[in-house]
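In the two assemblies presented below, chain A is common to both, partnered first by chain B and then by chain C.
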Partner chain A sequence: MRRVSRGFIVFILAFTVYVVYTGSISGYDIVTGVIVSAVIGALFSNIVVEKPIKVVDPRRWLHLLVYALLYFTYYEAKAHIDVIRRILHPKLPVNPAIVEAPYRIESDFAITAVANSITNTPGTVVVDIDPSKKNFYIHWISAKTLDPLEARREIFETFEKHAKRIFE
Partner chain B sequence: MRLVEVIVLISTVLAVALLITVGFEHLVPSERVRPVAEFYLNATYNQYELRNYTAMSPEAVTAIVWDFRGLDTLFETSVFYLALIAGLALTRGLLLERAEKSGHGLSIIVRTVTRITAPMIVAVGASIGLHGHLTPGGGFQGGSVIAVLPMVVIVVFSASFLVIKGVTTTKLLVVRSLGLTGIGLTAIAVFLVGITLHMPAYVFQNMAKPDAQISMPYSVAGALISGTLWFFNIFEMFAVAAGFSIAFIALMLARTLESSRGE
Partner chain C sequence: MLEAQLVLVLVGSALLCLGAFAAIVSAIGFHRFKNFYLRLHAATVGTIWGSVYPLIGAALIAITISELGAYRWFVPGAIIVAAIIVLMLAPAGSHALARGVHRARVARVKPCLADKLDPELCG
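So, the complex of A and B:
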């Protein structure tokens, strides 16, 4: 039963990709899409999601929407402006360093979401991760601090708060 | 020495520039279509005027590859199959030893993204293969896209991870052989029907010809499948996906085993 519900999530994902990629919803596309997605769902049911109930929770989707809107408008713009200022500044005020910063989330999806959020904002890149010590190693264009907890607060504490609501 | 280098460099640049200038009119396709191309473009999807020549597929490239010159494509696929068999024969001693544990692979971030994109890759590949008779693409292209997945999994996890999960070269070879058998059967399908009904029919026949009136259905329940083209594309998709996967696994597993022996 669990495998079926996991597979169903994969089915939805595969069917969406199939239809969007094909770019049409004629009867032929829907019939072949359903067959293809059912096969994919059966094959990949055990590797994509662990707890399918999380995927159908509307509150998590709402949090995701809020986070996406905030991230792509506010946080992205803020980071871009900061990096543009540093590039155009005649003195090129950079202070690059790789800082260690601990994360406090458990699930693979949340860790991935936070790490990709950090990397996607200009100025910070996750270069490595140590799951046993629960540490990110982040390259920072203007390291304000080398203290792990300070760096965590500066770079990704808000991302982590959102990711926790969405994925955990 | 320095002067020679500069002269060589400048003359190379000038030669390429000359080539481009002279060849320019040939590089830009002319608006005039050559007679052969004009015939194919007119015949590829033409139920009325050229019904003895048509392949009933709006995608001219697929029509040429699997109908107008289908025999050629059949032999190309067979050559690829023989090359794979030869490759497997080379690595057979290595592949018999299974790697015991799956490798650690790349970081948790890459692994999680791969978990999400894995079904998406297969969905895109299947879409390309199943729409080969309608839009650019087809069985070979769709199968190649699907084969990206084992390659990504091998890089992100390890070659032994695939084998442990049950994706072995033996199973893939069975898929590959079934795909090829399907291609072969599709090629003689109309011919076999002709023998049973005591009517003239050709090997590799798709639509009806003046002296052979049996025809593959070009649509099923209103959906265009272009007769044999749909079947060729599907079987080719399985055959190519399995074929490339075999090659990737054989290469990477052989290397993994060799390096672990060296330790």
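So, the complex of A and C:
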């Protein structure tokens, strides 16, 4: 029963992607979409979803929307302007270091979301991750601090807060 | 309706112009930075502002073009799915490159303030 509900969630996600991608709701597309999504749902049910109830919670989707809007307007713009200024500056002011910063999230989805958010903002790239010590190792173009907790606050504390609300 | 279309075209064109600017800056950064890790940061500018934003801009413009006929929703839909896939997979590629290069000790971190992962590779 659990496997069916998990598979159904994957089916819905895959079918949504299919419909958006093809941009049509003709009979042919619905039928092929249902067949393909059903196969994907059966194959990936136990890999993608752990607790199906989390996926249907509208508050999580609302948080995802809020986070996406904030991220794409404010955080991306701030980081891009900073790195573009460094690239175009005649003296190339860089001060890089690989800093360690501890994270406090548990689920794989949340860790991936935070790591991707860090790497997608120019100026910070996650080089390695240590699951036993729960550390990110981040290459930072302008290391303001080498202290792990300070680095965590400067780089990804807000991403982590949002990821926690979305995925945990 | 027409005003809505005009707004979509204007926002889409603005995103495309931003993308062109970011792509050029990213290319300049690629040449000016002399270190592997610094070039990764320049590449990120080229992925997010340089390709995800203009893809979304192109999708907004495609919505307004009614001459596309049956493909009117296919073009923006495919573009948005492509943008989301770039958004999720580009950082995975950056992680893989950075981690692989650091573990294989191919490139040094230079200039370097500190390297908490492997102090020997600093400088």
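What we mean here is this: the second predicted complex is superposed on the first by the 167 of 168 C-alpha atoms of A that agree within 3 Å, B and C clash if a C-alpha of one lies under 4 Å from a C-alpha of the other, contacts with A are read in each partner's own complex, and residues count from 1 in each chain.
Just so we're on the same page, a contact is a pair of C-beta atoms (placed from the backbone, for glycine too) under 8 Å apart; a residue touches a chain by one contact, two chains touch by 3 or more.
All values derive from a computational prediction rather than experimental measurement.
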Subject >> Combined model on chain A: chain C and chain B, fit or clash >> reply: fit
**OP:** Mind working out whether A:80 is in touch with chain B, chain C, both or neither, as first, second, both or neither?
**Re:** second
**OP:** Quick one: classify A:5 as touching chain B (first), chain C (second), both or neither.
**Re:** neither
**OP:** Go through the superposed model and pick first if A:158 touches only chain B, second if only chain C, both, or neither.
**Re:** neither
Subject >> Partner chain in contact with A:125 - chain B first, chain C second, else both or neither >> reply: second
Original post:
What is the contact status of A:28 with respect to chain B (first) and chain C (second): first, second, both, or neither?
Top reply: first
Original post:
Counting only touches as set out at the top, which of chain B and chain C does A:37 meet: first, second, both, neither?
Top reply: first
Subject >> Inter-centroid angle chain B-chain A-chain C after superposition on A [Cα, multiple of 10°] >> reply: 70
Subject >> chain B versus chain C - smallest C-alpha distance in the overlay, whole Å >> reply: 6
Original post:
chain A residues touched by both chain B and chain C?
Top reply: 17, 21-22, 115-116, 126, 128
Original post:
Quick one: in the complex, what on chain A touches chain C?
Top reply: 17, 19-24, 76, 80, 83-84, 87-88, 92, 94-100, 115-116, 119-128, 137, 139, 141, 143, 146
Subject >> Residue numbers on chain A that touch chain B, as the complex places them >> reply: 10, 13-15, 17-18, 21-22, 26-28, 31-33, 36-37, 40-41, 43-44, 47-48, 108-109, 111-112, 115-116, 126, 128-129, 131
Original post:
In their shared complex, at which residues does chain B touch chain A?
Top reply: 107-109, 111-113, 115-116, 118-120, 122-124, 126-127, 130-131, 221-224
Original post:
For the complex, which residues does chain C have touching chain A?
Top reply: 22, 25-26, 28-29, 32-33, 35, 37-38, 40-42, 44-45, 47-49, 70-78, 80-81, 87-88, 90-92, 94-95, 98-99, 102-103, 109, 111-117
